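Before I ask anything, let me first share the structure, which is written out below as C-alpha cells.
Labels for the chains are A, B, C and D, by order of writing; each one numbers its residues from 1.
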Amino acid sequence: MTSTRRAFRDRVSGAHNAMPAHTTPAHTTPARIMAAHNPLSARLVEEAGFDGAWASGFEISAALGLPDISLVSMAEHLEVVRAMAARTRLPVVADIDTGFGNALNVLHAVRSYEAAGAAAVVIEDKVFPKVTSLVEGGRQDLLRIAEFQGKIEAARHARNDPDFLIIARTEALIAGAGPGAALERGRAYAAAGADLLLVHSKSTTPDEIEGFIAAWDGGIPIVIVPTAYPQMTMARAAASGRVGLVIYGNHAIRAAVAAMQQSFARIMADGDTLGVEGGIAPVGEIFRLQGMDQVARDEAAFLR
Amino acid sequence: MTSTRRAFRDRVSGAHNAMPAHTTPAHTTPARIMAAHNPLSARLVEEAGFDGAWASGFEISAALGLPDISLVSMAEHLEVVRAMAARTRLPVVADIDTGFGNALNVLHAVRSYEAAGAAAVVIEDKVFPKVTSLVEGGRQDLLRIAEFQGKIEAARHARNDPDFLIIARTEALIAGAGPGAALERGRAYAAAGADLLLVHSKSTTPDEIEGFIAAWDGGIPIVIVPTAYPQMTMARAAASGRVGLVIYGNHAIRAAVAAMQQSFARIMADGDTLGVEGGIAPVGEIFRLQGMDQVARDEAAFLR
Amino acid sequence: MTSTRRAFRDRVSGAHNAMPAHTTPAHTTPARIMAAHNPLSARLVEEAGFDGAWASGFEISAALGLPDISLVSMAEHLEVVRAMAARTRLPVVADIDTGFGNALNVLHAVRSYEAAGAAAVVIEDKVFPKVTSLVEGGRQDLLRIAEFQGKIEAARHARNDPDFLIIARTEALIAGAGPGAALERGRAYAAAGADLLLVHSKSTTPDEIEGFIAAWDGGIPIVIVPTAYPQMTMARAAASGRVGLVIYGNHAIRAAVAAMQQSFARIMADGDTLGVEGGIAPVGEIFRLQGMDQVARDEAAFLR
Amino acid sequence: MTSTRRAFRDRVSGAHNAMPAHTTPAHTTPARIMAAHNPLSARLVEEAGFDGAWASGFEISAALGLPDISLVSMAEHLEVVRAMAARTRLPVVADIDTGFGNALNVLHAVRSYEAAGAAAVVIEDKVFPKVTSLVEGGRQDLLRIAEFQGKIEAARHARNDPDFLIIARTEALIAGAGPGAALERGRAYAAAGADLLLVHSKSTTPDEIEGFIAAWDGGIPIVIVPTAYPQMTMARAAASGRVGLVIYGNHAIRAAVAAMQQSFARIMADGDTLGVEGGIAPVGEIFRLQGMDQVARDEAAFLR
C-alpha cells in the first residue's frame, strides 16, 4: 500500500515539476483516474490502464439509488473504498465530499480511509450537507477559508503515511465567487498543506479552468474534472504544465446505465436474450474478472 | 410490501393455473425478472417493465470483485437486497444460495430477508460452500433430499407473510444426476412446501428443461433461468403452461461490463471523453434516476 | 410492528391525557425506557420490564470506542437499531441526533429507521455536527426555529405509519437560552407536528425541568432524561401529569463498564477467574439470553 | 500494526522456549488475553493490562442477541475486529470459527482479517456450520485431518505479514475423540504450519488439559481456554512450560450482563436511578474512555 501511494504521489507531482527543456520525462502528461462505483468497475479501470480509481461520491450514491446530497453515510462509502482497494492494485482516490462534517469528522475520516487502503482523499470547501455541484440552481454555500484550512490541517495531522495525499477541492467557481476568489482559496489551501488543488468548474468550455491554471501560483499541482468541458483533452491539460491529475468523474456509471437500459429494453421487446448476447460481455468474461481461474488453482492447492 | 408480495405471488402462479379455454387471462405468459446488482440496476429493471428484480448472487459477487463461491456473506448480500427493496417498487427475489449453512441458518436468513423487504428467496440443494453452477468442472455436491426438505420447512416456518415465496432450486441436472433424480427432488421439495421449483440446467438447448417441464407433476409452478439456452423464448416458456417465472440471471452486469470496457478503452485511446459522450447516458439521466427532481421539491418544501 | 408502535403511542400519551378524577387509569405514570447499545442490552431492558429501549447515540458511540460527536454514521447507528428491533419485542426509540444533516437527511433517516423497525425517533435542535450536551463547555449552537420546524415537518411527511412517533428535542436549556426560549421552541415544535417534546437539562436538580413542565402549554406530552438530576423520581415525574416518557439515557453502558473493569482487574490480580465467577452471569445465563433452548428445538424440528 | 504483531508473536512464543536455568526472562508466564465484544470492552481489556483482546465469536454473537451457531456472518464479525484494532493498541486475536466455510473461505478470511488489523486468527476443526462447544449435547462433527490441514495451509498462504499468527484449534477433546486423537490432530496441524495449537476442553478440572500438555510433542506453543476449569491458574499454566497463551473466553459479556440486570432491576424497583449511581461508572468515566479530552484538544487545534 505504501509503495502504491508513493508511486501515485510521484506520478501526480511529475507533470507539475519544472522539467529541464532537454529531458524527456517518463510522464509529461497528467495522471488520469476514472470513476468507479464498485470493486468490479475499479478492476475495469485498472485493466483499461488508468492511473487510479476515483471512488466517486456521485457514482456511489447513484449506484445506491440515492441523490448525491450527503445521504450516503461515511460507513457506506468507506466500505466501497475498502473493497476497491482490496481487489485492485490501483491507487484509490476517495471523494469524501466535505469530510462528513467539521474538522473533527475529517480527523476520523482520514484515519478511516487510510486504514481502508485509499491513496488519497478529496475534501471540498462546501458546507455540509451538500448538493451535487452540477445541479441547476443547487445551493453552493462555501465554507469560510479559515475553517476549511482547519480541515486541511486536520487531514494532514491524521494521516500516518506521508504519501497519503490530501487534495483540497474548491467550489468557488461553481458557486459563482469568481476566479479571484478561487485563486485566493487555492493559495490558502496550499498554505494549509494541501498536496494538490482540485478546481471544479461547470463551464461548458475549458476557458474558465485554463484561465485559472494560467494564473495559478500556489505551488501545488492542479486537479481537474472535465465533465462539463470534455474539449479539455489530455494534450491541452498537459500543455499547461500544472495539471497533475485529471479525473473522469462519472463515465463508468453513465456507460453502465445506458447499456443496461438498452439491453433490458431489447430483452423485454424480444421475449428472449438472443438479441443482446452479442453485445454484452460473455459469462466467461465475468468469470475471468472474478478470478475463477485462481479459484480453480486454489481448490487444487487447498481443498482436500 | 405485503401488497407487492401478494401481487407477485398471484402473478407467478397465474401462468400455471388451469385456464378455461374461452378466457383471455391478463397474464398468459410467465413473469420475468431481471438480475440486478445494486439499487440503481434494480431501478432500471423496474423502468424496463420487468415483473421483479433478481438479487443475483452471481452479479452481486461479481460487483464486489469476488468469485461466486460463498465468499459474500449474508450481511453483505442482505444489505443489497434491503437497498433494492427500499428504492424500487418491484418485488425483489433474493438468491440466497444454500441459505448460508444449514436449516438453522435458513430460519435466520428468511426472517432477515423478509424484514429487509424481499418478496421471495431461492434456496438451492447444494452443499455449502458452493461454487457457481456454470463453471466447467465445478463441484456439484447435492444435499440429501431429507436435509433439504428440512430447509424448506424451516423457511416456511420462519416467514411471517404467507405471500413471501419460498422457491426451491434443484441443481440435480447440473450435477449430472439425470432427469429422474431432478423430478424426484422436485416432487419432494413441493411436498415439503416449496411455493415454486427452480430447475437449473446448463444444457445449451432448451430440450433438457422442456423435457423436465413436460414430465413435471409436482403441482407447483416451475422457474427457469435460460442463461445457457437463450433459445427458450417467452413464447416457448409460456407454451408449457407450467412455467411461472423466468429469471434472466446475469445480463445486467454483463451489459454494464461491456459498456464500461468499451468506454474506458476509448477514453484512454482518445485522451478525452468526447468520443464516448454520445453513447453513454447523459449526466442528467443519472440525476433523473437518482430522483433529483424530487430533491428540488423536497428542498422547496422543507428547507427553511 | 404496527401494533407495537400503536401500543407505545397510547402508552406515552396516557399520562398526559386529562383523567376524570374517579377513574384509576391503567397507567398513571410515565412510560420508562432504558438505554441500550446492542441487541443483548435491549433484551435485558425488555426482561427488566421497561416500556421500550433507547437506542442511545451516546451509548452506541461509546460502545464503538468513539466520542459522541457525530462520528458514528447513520448506517452504523441504524444497523444497531435494526438488530435491536429484530431481537426484542420492545418499541425501540432511536436517538438520531440532528437527523444527520438537514431536512432532506431527515426524510431519508425517518424512512430508514421506520423500515428498520424503530417505533420513534428523537431529533434535536442543534447544528450538525454536534458534541454531547453533557460535556463541560461543549458548543451548543441551536438551529433556527423555522429550520427545525422544517425538519419536524419532513419527519412527519416521511413516515408511513402514523403511530411512528416524531419526538422533538430542544437543547435550549442546555445552551443557556433560558426557560422562555425553551417554551417558545417547544410550542413551535408542537405546532410543526412533533408528537412529544423532549426537554433536556443539565441542571443537577429537577427544579429547572419542573419549572418548564409547570409552564408547559404546548399540548403534547413531555419527555425527560433525568441523568443529571436523578432526584426526579417516577412519583415526581408522574405528579406533573405532563410527562409521557422518561429516558434513562446511559445506565446500561455505565453498569457494563464498571463491572468489566472490576472483573478484569480481579482476574489480572488473581491470575485466574475463580474470584469473579460468583459475581458475573454464568455461561448458561448467556446461553439462555441467546435462545439456545430455541436452537435445540429448531435443530430437532428442521435438521435432518 | 506489524510491530504489534511482532511483539505478540514473541510474547506468545516466549513461555514455550526453553530457558537456560540461570536466566530470569521477562515473561515466564503465558500471555493472557480477555474476551471483548466491542471496541469499548477491548479498550477496557487494554487498560486492565491484558496482552491482547479476544474477538470472541461467542461474545459477539451474544451481543447481537444471536446464538453462536454460525449466524453472525464474516462481514459482521470482521467489522467488530476492525473497530477493535482501530481503537486500541492491543493485538486482536480473531475467533473465526471454522473460517466461514472451506479452505477458500479461509483464504478470503485471512486476507480480510489481516487487512482489518487483527494480529491472529483462530480456526477450529469442526464442520461448518457449528454450534457452540459448551452446549450440552451440541453436535461436534470434526473435519477430516487432511481437510483441516488444507485450511491451515491456506491461511499461511494468504497472510502477508509472517507475524500474523495462525492458531489451529482442535475440538477433539470436546467431541469425545479422546486424548490420542487430540494429540494426533495437534501434531498434524503443527506439521501443516500452525503457529500455535488451541486445545479446547469442557472438563470441569484442569486434568484433561494438563494431561494433554504433558504429552504434547508437537513443537508449537499451546493455547488454553480455561472457562470450564478455572482452577487452572496462571501459575499452573506457566508450570507446564508449554502454554503460550491463555484465553479468558467470555468474562466480559458475563460481567456486563450481570451488572445490567442488577442495575435495571434496581431502577425499575426504585423508580429512580439514585440507588445505582454509586455502583456504576460515572458519566465522566465514559467520556474519558471515549477520549473526550482529546476531542477538546482537537477542537482547539482544528476548529476555526
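Keep this in mind: contacts are C-beta pairs under 8 Å (C-beta built on N, C-alpha and C of every residue); 3 or more make two chains touch, one makes a residue touch a chain.
Molecules present, by chain and UniProt name: A, B, C, D = Phosphoenolpyruvate phosphomutase.
From a predicted model like this one, the values you see are computed outputs, not experimental measurements.
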**Item:** Pair sharing more residue contacts (C-beta pairs) when A-D is set against B-D
**Value:** A-D
**Message:** Give me the C-alpha superposition rotation for chain B onto chain C, in degrees, nearest 5.
**Reply:** 180
**Prompt:** Interface overlap for chain A and chain B, more than half of numbers shared or less than half: same or different?
**Reply:** same
**Complete:** Chain centres from averaged Cα atoms put chain B and chain D apart, in whole Å, by 39
**Message:** Taking the mean of the CA coordinates per chain, how far is chain A from chain B in Å?
**Reply:** 33
**Of all residues in chain C, the ones touching two or more other chains** = 66, 69, 86, 102, 104, 295, 299
**Prompt:** Contact residues on chain C for chain D in the complex?
**Reply:** 32, 34, 37-45, 47-50, 58, 61-69, 83-84, 86-88, 131-132, 134-135, 137, 139, 226-227, 230-235, 248, 250-265, 267-268, 270-274, 276-277, 279-283, 285-287, 289-292, 294-296, 299
**Message:** Per the contact definition, I'd like the list of chain B residues that touch chain C in the complex.
**Reply:** 82, 86, 102-104, 106-107, 111-112, 115, 117, 144, 146-147, 149-151, 153-154, 157, 295, 298-299, 301-304
**Complete:** Listed in rising order, the residues of chain C that touch chain A in the complex are 66, 69-71, 73-76, 100-102, 104-105, 108, 128-129
